[in-house]
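So, here come the structures, one by one.
In the two complexes that follow, chain A is the common piece, with chain B as its partner first and chain C second.
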Partner chain A sequence: MNLVGKPIPRKEGRKKVTGQALYVDDLSFPGMLHGVTVRSSVPRGRIKNISFDQPPATAGGSDRNIPWNEFTIVTAKDIRDLKLGENYVALILNDQPYLADEVVNHPEEAIVLLAHPDKYLLEEARRHVSIEYEELPAIFSLHDSLAQKEIIWGDDNVFKKFLVDKGNVDDVWAKADFIVEGEYETGAQEQLYIENNGAIALANPNDGVTVWGSMQCPYYVHKALIKLFGLPEEKIRVIQTETGGGFGGKEEYPSMIAGHAALLAWKSGLPVKMIYDRAEDMVATTKRHPSRTLHKTAVNKDGKLLAMEIDFVIDGGAYCTLSPVVLSRGTIHAAGPYFCPDVRIKSTAVATNLPPHGAFRGFGAPQSIFALERHLDKVAKTVGLTPEEFRRRNFIHEGETTATNQTIREKVDMDGLLNRAFELSDYHAKRERFARENGSDRPSRIRKGIGFASFMHGAGFTGSGEVYLQSVVGAEATPEGLIRILAASTEIGQGTNTIFAQIAADALGLGYDLFEVAQPDTAQVPNSGPTVASRTCMIVGKLVESAVVGLKQTLLGSGLLKDQYTQAEFQRACGDYIEKFGRLQSFSKYQPPPNILWDDEKYQGDAYGAFAWAVYVAEVSVDLLTYEAHVDDFVAVQEVGRVINPVLAAGQIEGGIAQAIGMTLYENVVWENGRMKNGQMTNYIMPTAADIPPIRVYFEENPYAYGPDGAKGIGELPMDGPAPAILNAIENATGESFNQIPLMPEKMMEDLVGQG
Partner chain B sequence: MDTQDIYTKSTVRCTVNGESKALHVYPMERLLDVLREQLRLTGTKEGCGEGECGACSVMIDGQIVNSCLVPVAQVEGASIQTIEGIATEDQLHAVQQAFIECGGAQCGICTPGMVLAAVDLLAKNSHPSESEIRNGLAGNLCRCTGYMKIFESVVRACEK
Partner chain C sequence: MMRLPKFDYRTPRTIAEAVKIIGDVGPDAQFVAGGTDLYPNMKRRQQTPGTVISVMRLSELNKIDGDGKSGLTIGASVLLSDICDHTIIKRDYPVIASAARTISTPLLRNMGTIGGNLLLDTRCNYYDQNYEWRKAINFCLKKDGDVCWVAPGSSKCWAVQSSDLVPVMVAIGAKFRLISTLGERMIDAAGFYNDDGIDYLKKRPDELLADIHLPPTDGWRASYQKLRRRGAFDFPVLGVAAWIRCGTGSGSDRVADAKIVLGAIAPSPLDVSEAARELIGQPFDAEHIHAAAEACYVKARPLDNTDFVMNWRKQMAREYTLRALQELL
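Let's turn to the complex of A and B:
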């Protein structure tokens, strides 16, 4: 049939375009209460008192009294009094409470939960819970945290450190013709999925806890609720509803909101719906980790990289959450797709009194790659080479080793990607023309520039992650011969349902419509691992393939199906099998590809089973009157293995690039005492249809032997390249080197005026 | 109706997707909430609640508006169309069909609003240029697609 490689329309497309798809806020249960959260107003302090007040009597007397006795109220104390489990969100270090108990460590930390049937009254009630604090000193930047201006977490404010040491950089500095140093910073970014976080819970001692919610990882929520309620795993059921975007923002946070809704449901005995509004979602939930990177690079006069020393720091916010994993990916990507004999990368995730930063598409790599790809333009300039020539002399090739000493065993052709990207963007001609125009006697107020970045992104979990996960996927046939794929991998817009069905249909040579992907529900589907790390297609897709092949083998083994079959024969065989033997199911478990060796202690070895490789070119114009930069054209060339569905794949790349353009030029989180000050779409600006340039996406296909039909990961890659490509282009346009994102007009003015 | 007393429910009459309705509501309730909660027309979404994202777009008397900014009292006598009223029983609107074919919907949360915005655009201008499409859809935010496939969908719908 050959569905793989074809632009098969999205499985749930019809439901989505007609408004029939049901997201969590679209569900409703009889007797349902609404739930809200009362949050800390100080960044750090001791909770002295909580009181439930009445509105002051006003002249007109129209303000309603708040009937507090009608409200379900939950605080940290209830978790003890109700003899539930532990008051922490189970993840890596278990340091983050569900509800602050005695102390708060960041603004907008949850302290009190309220539920009531009337959401208007509930909103009023929320405003009349008063919390008194004894404030404690707080710190708000990674610089202050590193300097230990105040110790706010553990002994030293450090969540995690890594050291990658290849060769010995210290021996190299003396031999270098050039040593180039640089410092680079990136800011926080809000995921800004258009559907806010939300959950509905039913919970009581008899039936246990059931939660419906918008989420990426049902089994993360499952694990967290087991701990919170101290219940056995079969008493916790987590169901993913249609999810309106995630981008990492619904990786770990849903465990929090699901737990809150479930606590209120447990105490009230009624279903409780908790849906954040935009302001709450923006100020209280996770964002991309701000970062700072220092580079020191040794090069010889031929433009060969001799040594790279990189110091990468991310701000994790007040609790650890996923910071160690984000740091890990950022660290491994910090030296890019280049061969360098001696590399040392030191990295640190530190605590501040900001709300915890968390997963966001790219997971630390966009931060460290931004630094590297800006820095290499500087190195090239110092050596006297063009940015492209310098990179060409250092691109990694098959058989060479990465910073972690991973030998690249696949065919990688960064040169080819660069050539194609330059051709498609008309790079050389434009570079020449812009230089002429910008350098003319009477240059226009609009300066044009073009720049690029070359980079890679590892697919799947880092190092031994996939082995620990032991992901499982199932397939089950109905008597009519329809096949349901059972996986906890979630459709969050990226096309899971569709590509799984394509892979499965091709594996059996059957029609696409025979396959359906079950709704992720921990009571129904096995744990295929979280929907993160660009792993769904490459890792889980491969398991889908082997699970459905398992069905076929069972049928062949039973003698009910012959080697050569038609669709009708296959369907009939399913029916016959089920009649004779009962269920027809098959499960498949992750097996690592051969020769993948990773040393977690030394951070050496095969960090990822496969990488996606890319070169992105950005063309910009900078208005020297308003200091606004605009991206005018964008060319993205990448090698991602085999493309399963070209429309969905291009859609992923385009969406990621748009989000990265936002991160670079538009999206500025303004902090005030640790609280996001601009937590609204009115003043935190994401790109609109009018802001985005034509994004031209091209794939080179080099099938990966261990991916389903040769596919690798794709979802995060597009987040990595745009920021450095755009800032490289802005340097080309203005002559000024900016090393910080977001690059807002104010900042550009400051630097350009300062320079003039 | 008497809009003075915001704490008393009263009746607002309007048509929604061609059916006449008598809504028993507080006058200041948002049209968005009345559609979603009272009429269970949950295809209209809330993305921001402040008129920025367009996820809550509906048509009122042929004009596209953000229903999160409309107090229900204002729709007395009006004719409202939501995403549920765009396709006929057995036929998707050309815009909806194009969104499916071209990948204009990813997570789908912006899609109802985006489809309405595109239908509205094409009703006013059957063959918009690229910049007319961009500007016509600039009031509807999408975080997934980067808009490219949405533009393609609109172009495809024009061809139908």
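Let's turn to the complex of A and C:
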């Protein structure tokens, strides 16, 4: 049949384009209330008083009296009074309350929840909740946090630290021919999924808590609600509705909004719907962690890396959320696809009084890879080599070790990827031509440049993460011989349902239409882990494959099916089996590939089962009068194992690159006292189709032995390379080195004019 | 969810009926055309009329009459997309069509009107925020508060005139016809805008903008350059409209008259007469264009209340004036 490798149409595509797909805001229940959140207005302080006011008698327009007695009102006190569980969002450190109790630590912290059947009145009411604070000093940058200008979290503002030590860098500095240092910074970025966060909850002591919502990880929400309500796991049910994008922004935040809706539902005894509008979603939910990286690199005169010392810091915002894991991935990727005998990476996640930062496609890796790939251009220049020659001399090969001492056991061919990318982008000819044109007697005011970045991205959870997760996938046959795949992995637009069906169909040699992926519902599907970390295809896809193969083996074992079968025979066998024995189900549980060893203490060993490898080339033009940079052409060459669905895969790469171009040149989160000042799509500038160049995507296929049909992860990879490739190209165009993103025209002007 | 407050919605069919309704209801009423400015503002509670009167069914406001010879009259309710595509406008007033084409997106131009665009509310980072955001900073001078966060201590509101067509209308010398129950009057675009972000129009709230009168195209040329971050969507953060009339006969190699108007850097469009002075009576060449551009740079004093930092916008005033004038060479 061979569906893998073909551009099979999306499973849910037709429903989406015809408007039949049901998103959370499309659902409604009898008696349903609407819920809203009243948030803090100061970045840090003690709550002194909460009052529920009336509009002044003189108010005209639509303001009317607020019948407060009709409202369901929930504050932190209710979690105690109703004798529920714990007032924190269970995740890693459990430091973030569902509702602020006494103190607030960022300017969008939830303090009061309101519910009412009339959503218009609810809006009016929200405007008349007044909260008084005793303000406390706050800090808004990772620099101030590191300097402990104010201690705002724990004893030292530090959520987490890692140290990766390979060899001993201290012994190397003295014998190096060159030592090159650099400092690099990246900013926050909003995920900007099309569908805002939203949830509906039904909750009462008899039935427990049921939540429908837009989310990536139903079992994360499940775990959080167990703690919040202090109920046994079977009393909590979480159902993912059709989800309009996530990009990490629906990894941890849904636990918050689901908990809020459920608290209101519990207290009112009625279903409660909470849907954020764009403005609230932008200011209050998580964003990409801002970062700062220091590099110190020792090289010999042949351009061989001798030692790398890297200090990587991310700003976690007011609460820990996922910062330790974001930090971990950023740390492990900080030294890139190069072999270096001595490496030390120190990394720190610190607290500030910004709303918590969280997961975002790439998960820390785009930040540390940006620093590294900018830095290596600087190192190459110092040594007197071209950026590509310097990298070629240091690319990692099979049998060599990464920064965490992981021995690469796959055939890596970074040289080959580089060659291909250069050929497709006509790199050398352009580099020459641009140098000639930019350096001519009368250079045009538009300078052209071309640059690249080479990088890798590990698929799946880091280190022993997948082992701890113990993911399970099930498959179940109906009497008609249709097969349902049972997994908590969510379709969020990236193609989960389609590739699962492709993998399963090929594993059994049956048609695509026989397979259906069940709606993720914690009461119906096993925990296949969160939909994050580029793990869905490689890790969960493999479990899908073994689960459906399990069905076949059961049928073979029962004698109802023969080794060679047609589709009709298979379907009949399912029916026969169910008639004879009842249910036909099979479950498959994660088994790590052999020889994967990870030391969590020392941060040493096999960080990832497999890496995707890539070289991206960006061509830019820079207007020296307006200081605007534009990406004119983009070539992305990557090796991601086997490509399951070429259209979906190319879509992932193109989308990721567009998002990364946004992060590099357009998307600038402006903060004022910790509050996002440009939380609208008219002033938070995300590039449009008019700003994105042609993106040319190429795959090299090198099947990975432990992935389904040889596939590895793909989703986050494209976020890593564009920023440094673009800034390397801008350096090529202007001769000036910019080491901070987003690189806005005004910043470029400052630097270019500033240098005289 | 940001929602519209409740309001009465009226759809008069004649101008007389429309102005009567607003006269009767008084200050709590407001006209609406495409609503692409008013409705978002209402959702954010920046504007809170209890009665909204649509001008979209007033047939007189929906037509375009005349041409470049006689002058052109454009009804206030004509859609921006119709302005962009109109054969006579494209032929005789290309600057209007091209400036209109830079406004927002095709979808918004299918809803938004030219009248609404010319009456667009002034904009500011501290004002164009939802209610909760504004409440957290204790509101601002323009609405519900008493401090201007852009220039604390200022008694004036610095919200920015942000329409793309306004500087063009001022530069080419358009006139607007206003109607109320008290009668009608014509007013020059040049005298229509106040340098005050709150009281930004010389139009009384009860006056209806009926139509826009463009002068005949007897020997002038005009252009418009817009600065924004993206290739679509964005409001201008600087707009430069340039207009020149060359002399006739023996003076035909010289500029007889000129106007350079900067938009989106102050509460009102800024007519830079210093720039015009550099051009008038001079040959229209690179040297004088540069001098005019320099004058715009000196005159432009944007504040820090839109996208882009102000120093950059000021620098760009020079560059965009150059571009606008070069287009006319």
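We adopt the following convention: the second predicted complex is superposed on the first by the 752 of 756 C-alpha atoms of A that agree within 3 Å, B and C clash if a C-alpha of one lies under 4 Å from a C-alpha of the other, contacts with A are read in each partner's own complex, and residues count from 1 in each chain.
Convention: contacts are C-beta pairs under 8 Å (C-beta built on N, C-alpha and C of every residue); 3 or more make two chains touch, one makes a residue touch a chain.
Bear in mind that the values here come from a model prediction, so they are computed numbers and not experimental data.
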Once the shared chain is lined up, is A:Asp277 touching chain B (first), chain C (second), both, or neither of them? both
Go through the superposed model and pick first if A:Tyr193 touches only chain B, second if only chain C, both, or neither. first
**OP:** Applying the touch criterion given at the start, work out whether A:Asn678 contacts chain B, chain C, both or neither, answering first, second, both or neither.
**Re:** second
First (chain B), second (chain C), both or neither touched by A:Ser41: second
_Is A:Gly651 touching anything from chain B or chain C once the two structures are fitted on A? First, second, both or neither._
first
| Is A:Pro745 in contact with chain B, with chain C, with both, or with neither (first, second, both, neither)? | second
Next item on the list: Give one of first, second, both or neither to describe whether A:Pro107 is in contact with chain B, with chain C, with both, or with none.
Entry: second
Discussion item. With both complexes superposed on chain A, which partner does A:Gly245 reach: first (chain B), second (chain C), both or neither?
Written reply: first
After lining up the shared chain so the two structures overlap, which partner does A:Thr626 touch, if you call chain B first and chain C second: first, second, both or neither?
second
The chain contacting more residues of chain A, comparing chain B with chain C, is B
Where chain B and chain C land on the same part of chain A: residues 62, 277, 680-682, 688-690
The residues of chain A that touch chain C in their complex are 34, 36, 39, 41-42, 60-62, 107, 119-120, 123-124, 126-127, 275-277, 279-280, 283, 625-627, 666, 675, 677-683, 685, 687-691, 744-746, 749
Listed in rising order, the residues of chain C that touch chain A in the complex are 1-3, 5-7, 28, 45, 48-50, 125, 128-133, 135-136, 227, 229-235, 307-309, 311-312, 315-316, 319
Chain A partner, complex, touching residues on chain B are 7, 36-37, 40-50, 52-53, 55, 82-84, 86-87, 92, 96, 99-112, 115, 133-135, 137-151
In the complex, chain A touches chain B at residues 7, 9-10, 12-23, 25-26, 28, 62, 191-196, 242-247, 277-278, 492-495, 647-648, 650-651, 654-659, 680-682, 686, 688-690, 692, 694-695
